[in-house]
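Right after this note come the structures.
One chain, chain A, appears in both complexes that follow, with chain B as partner in the first and chain C in the second.
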Partner chain A sequence: MKKAGKVHKPTTTRKRLLLFVLFGWLLLILGDRVGELELYQGSFVATYALAITSVVLLTGYSGQLSLGQSALMAVGAYAGALSIFNAGWHPVIGLIMSALIAGVFGLILGLVAARLSGPYLAGTTLALAISLPTLANQFPILGAEEGIAFDVGPAPARFGEDFSQYKWFFWISALASLIMVFFIVNLLSSRYGRTFKAVRDNPVAAQLSGINVEQLKVSAFAISSGVAGLSGGLLVMLISGVSPSAFPLSLSFSLLGAAVVTGLYNLKGVILGGLVLVAIPEIADSLVSRIGGSDNLTTVLPGFLVSALLILAVVFTPNGPGHLLKKHH
Partner chain B sequence: MIRNKSMKRATLASAIVATSAMVLSIVPAQANSTGVTATSIKLGVSTPLTGSAGLVYGKVPGAMRAYFDYINANGGVNGRKISLVIRDDKYLPTLAATQTTNLILKDKVFALVGALGTATHSKAYTAAALAKNNVPDLFINTGFSGFANKTKYPTTFMVLPTYNMEAKVMAKVIKDNFPGQATFMIAQDDEFGADGVAGFTTAGHKFTATPTLYPQGTMTAARAEGALTALGAVPGKPVLVLFGTTDVTATLLKAAEKLELTKKFTFLAGSVGADANTLLALGVKPTTIDGVISASFLPDAKDLTDPYVKQFIDINTRYNQGVTFDNYVLAGMNSAMLTVQALRAAGKNLTRAGLMSAIEAKGSTFASAGLVPLGYSATSRVGYNGYWVSQLNAQGEGKPYGGKLVIYTTDSGAGAVEISTFVRPTMPKNGIPTNS
Partner chain C sequence: MTQFITAVLTSLSSGAIYALMAIAIVLVWRSTRVINFAQAGQAVLTTYIGYTVIQRTGSFWLALVVAVISGAVIGAVIDRFFMRPIFKRVKSGPIVMIAPVVATLGLLGIIQAIIGFVWGITNQSIEAPVSTGGYKIMGTVIAFSSYNLLVLVFVAVAMLLLTLLFQRTNVGLALRASAYSPEIAKLSGIKVDSVRTLGWALAGAFGGLAGMLYIPGYFLYPNAMDLLLVLGFIAAVIGGLESLFGAFAGGMVLGFAIIFSTTYISPKLFFPTAFIVLIIVLLVKPAGLFAPKKSRGA
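Let's turn to the complex of A and B:
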């Protein structure tokens, strides 16, 4: 709770831009000081952070529970891959298409979803997550199970010979994620963004205040899908190609789990969520090799650690560590 | 004088620089032996250990490790002990890419051996930059013919014959043994099934109806019953080709049981989907699998008269305790035995390039349990080049179809299916290779 009489000063867009540029610059410096494996892992952290942003935006801010983020990521991934592989467009255009096509798909889906809520919406998006990637097998242009290549090519020669493919991946994914998250943070702090929260907390009151609830839900779904689509494009860039099995249902659950750990109601912890998804298997690996455990233990431990973290997060920081910091502040 | 001295120094310096440059230019680039020490060789594999694919294929890496442990206990390879780092990719392309990258960048393995899955490994190959780092990618467990493309996968060596070859052999079996019968095909709708359908087309075989294709993971009991009910009305005893994974073969056979159609069809199941132990474990009745025809390139895991099988069972008992010996354990140990021979053939001065050259030069002569010839050469990365046709009995044993072992060889292109007189190399004493 804020003390009475203290005026809340929202961070201005310019200040926020400065913060994001500073953070990007720090990442740039960091990227020069770590190994190739860390750069590759960092690329995944950025990509997952973006995917978690889409979950937080949809579930945390607009109150729509979706279990189909992996399917929306798949739509973006295929759109980007087709733009690059089939249409021969520049990779940057490919990534923009990932966000755009997934956004349009989300808009259509949102029109249906706006009529549903709670378990009905969760069930519908769950069905989407199961069926949509498999549908890709039906169309030869999508390359069946082997899929199609998503090749952004090597880094430009002007960066020098030592500029590795992993550093190039890191730059692309970090930059794309930063730009997108900056856009979302600004949107959420705008008047339009605040209406999201109003609809989430009390749709009836929001409607009585003149907010078009249905339209708002649809737009939240479309924006969230666009963000998920971009993260899908980035994800398949990191594995050099897209195929249906890259987007299993478990990915949707992992993202939702990570969003709960980081806090569904703010975006401050999304990088932590990305770190959780990437770092937990590594931690498990190190732990098992230190105690001399079996391969089976390495396999089981990540799931156990994520579950434990999820329980701890729900018990101690139900609104996420970002919220906790704010409270102390 | 001073000027002369300076000139002399400059000339001397130039000469030294020029000579050094010449010497350096003729010294070969340092050969890559990452993962090899005087006493050890580190290998790696990314493969499903958990999830539905892990249930079926999860035994393969453990079997490889058991064989390597056996070799280590008997002196290793040129005094070096082999270790195998196993990473679980759950049959997911994203995980396969990260796990394989971990094997290269974190574990710093010398070579990969036995990676499994087409969609997974094709992504992992590029993501982990195996071609760029010249990492040998040995004996991969997929029959997708695309991996034989040396330009796209310059460090990959297949071990399974291609699905295309298998379909061509099946087409010959149908032509020779079931003339005039209606034939149908139910295949997985991906590169695996597509390779199979293409093989039948190349062989000139025409099915009575267009093959039924289903996406992976969608063959439910209801769908299987629907498909079989429609085919059940066809007169005679149609031949039904099942080109999918073992769990789908089980679903279709159980549907046939429910509809009482087990004797209506002659079932011809692809090698990927005909593991008898797995079929029985998945609840198919012994009487149903009795008579199922399949193709294979390894001996049957229950054939105790086969010296390789007998030796591998012994190794499994001692080094892979608690794991039941089956076709997957046999395949894993066989790949490990090929790996040991490849490492030996590469010599004491082990390098990545040397290992791949050794397989190209000598791989076709390696001893292995395979009953069909190995086809490695400077131009071919395909392992086994053919199949023998087996028929399962109620005990789950695969016996030669027609009572006599016939070995068929062919290629993945338009080449004919031929009967081969190939006799495999004698097993090295106690299953320990001594080649060089």
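Let's turn to the complex of A and C:
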């Protein structure tokens, strides 16, 4: 999937589909070879990669800096959980509802957001990120602090007895992420995606060329919200339930950080970003156990590593690792 | 009636603290066009320094002075040795708007991690220097204490000093000129870079004051100011980001809206109120309530 959309040679949709299928097939084989823990971590990588995709789409491609991605993920998570838990729908429908409802929510929000720019947009989305999860406490149907269960159930019996729950999680999250990212990559390499870039790089020139800037920003917001919603649904599937505390503000910050670290201006790095988010707590743990630090160190080290990475990325590869290789005027 | 008086008084003292944080954010925004998310970290750091002073000497007042001064120093150091090199490095490309914001987010994480490492992540508390027991009005104890009154006085004095600095001194003129048009200010012989650093120092001092006044009554831990930062930011955006008076007014608007909705409707409306007020203000006036008429293109 990383190979999709080479810089100079345009890749056709069919070639890209082949690459995605190939990548999915590789994951399938890999999934049979690794242990339960790796499968579980792999599911998180796929989920975070999808969430980072939504950030790249919104901030990198349409130039709207949002700090509220965790709130949109929460909307998707609650929509999915309600569809499965309360309405009793099939989990697949639940995940589709995650994307759909979050997308509609994003559409409404985007109508407001398109009027705002820079710090005003950042402020509004930041306020959303802290206020929306607390709203869940207001309505009994949303389960208050305890939240509601998000249960996709065990794997179908036809996959065999030894098909574990974690492998099932991995299949679902990897497949959902692959399909969604495939859709987004195609969208961005279409005429539509080029207008995104035009609006980001020079809104005035884009407008003069007949592009409806406001409409484009709103649709970018809606699509990005849908992607975030699906990743939110996947995330709470992995932790088996949704509650306000699953979507802290720090999640938004981590996603933005990962997006910057792996390059805001293309989707090639999103898996790397997911890996970084999953790997950093592990690296911190092993570092602490090696040098024998205190409990304090264990708690603060992951945050320190993410932040340090963020600053290093801004200082050394502000436009993403890919730009180091590319000549730029 | 008592409830109403209580609500008005607590709105004033909450709003005053939001206003301090909003002013810290506006001072940095005016001088460098950056939303400084690290302000939450800076304010917590200075409050921890104040906490250490209290542990050693037992004096809140000395701690307050030390916190404000160290806030100014930390702010200046961050601008001179962190933000300025980043601005020099990241000059072109679409990242220009986002890089500084991301850098301050990273800095916030690093400061909080260092605090957690040095002071630990457990809750600490700071005793207020005066009584926090509520006053009595018509026989009932209200939720407004001598300490709240003290906060109001301090914020009023700080606002007055800041206004005097900006309106009556040459340094203030330089600060205003550099914010209004850096190029022309530079041509007129103002050392714009130094003035920017001064802006960061002033902001750091206000953050230090906000932290020391906010923490008594709450707990002190590495993330203690995150909420205050968000509220201060919302207040600053409501006020239009450019204007110091706007930041103060934004803090007060937010204070009144939050306290009144939580008193009269539901205590759970704290965050939703902040969001709704912000959305209403931005829909009616997208550039905030007190934005200058001529935008300088942020």
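Assume the second predicted complex is superposed on the first by the 313 of 329 C-alpha atoms of A that agree within 3 Å, B and C clash if a C-alpha of one lies under 4 Å from a C-alpha of the other, contacts with A are read in each partner's own complex, and residues count from 1 in each chain.
By definition in this document, contacts are C-beta pairs under 8 Å (C-beta built on N, C-alpha and C of every residue); 3 or more make two chains touch, one makes a residue touch a chain.
Remember, it's a predicted structure, so these values are computed and weren't measured experimentally.
Per the definitions stated earlier, placing chain B and chain C onto a shared chain A by superposition produces a clash between them. Of the two partner chains placed around the shared chain by superposition, chain B is the only one that A:S240 touches, whereas chain C remains out of contact. By the touch criterion defined above, A:S307 reaches chain C but does not reach chain B. In the superposed pair of complexes, A:S54 makes contact with neither chain B nor chain C.
In the overlay built on the shared chain, the residue A:G257 is in contact with chain C alone; chain B does not reach it. By the document's definition of touching, both partners, chain B and chain C, reach A:T299.
Once the two complexes are laid over each other on the shared chain, residue contacts for A:L126 go to chain C alone; chain B is not touched.
In the superposed model, A:Q165 makes contact with chain B only, not with chain C. By the document's definition of touching, both partners, chain B and chain C, reach A:N137. When chain B and chain C are set side by side, the one touching more residues of chain A is C. Legend: residue contacts after superposition of the two complexes on their common chain; A:Y40 is shown touching chain B, with no touch to chain C. Among the listed stretches 132-140, 258-266, 330-338 or 402-410 of chain B, only 258-266 clashes with chain C once the two complexes are superposed. The contact surfaces that chain B and chain C form on chain A in the two complexes overlap at residues 134-135, 137-138, 296, 299. Chain contact summary for the complex, chain B toward chain A: residues 49-50, 86, 88, 91-94, 96-98, 101-102, 105-106, 118-120, 122-124, 126-127, 129, 132, 144, 146, 189-192, 194, 215-218.
Note for the complex: chain A touches chain B at residues 35-37, 40-41, 44, 134-135, 137-138, 144-147, 149, 165, 235, 238-241, 243-246, 248, 251, 295-296, 298-299. In the complex of the two chains, the chain A residues touching chain C come out as 59, 63, 65, 112, 115-120, 122-124, 126-128, 130-132, 134-135, 137-138, 200-201, 249, 253, 256-257, 260, 264-265, 296-297, 299-301, 303-304, 306-311, 313-315, 318-319, 323, 328.
In the complex of the two chains, the chain C residues touching chain A come out as 29, 35, 85-86, 89-90, 93-95, 97-99, 101-103, 105-110, 112-114, 116-117, 120-121, 222, 226-227, 230, 233-234, 236-237, 241, 266, 268, 270-272, 274-275, 278-279, 282-283, 286-288, 298.
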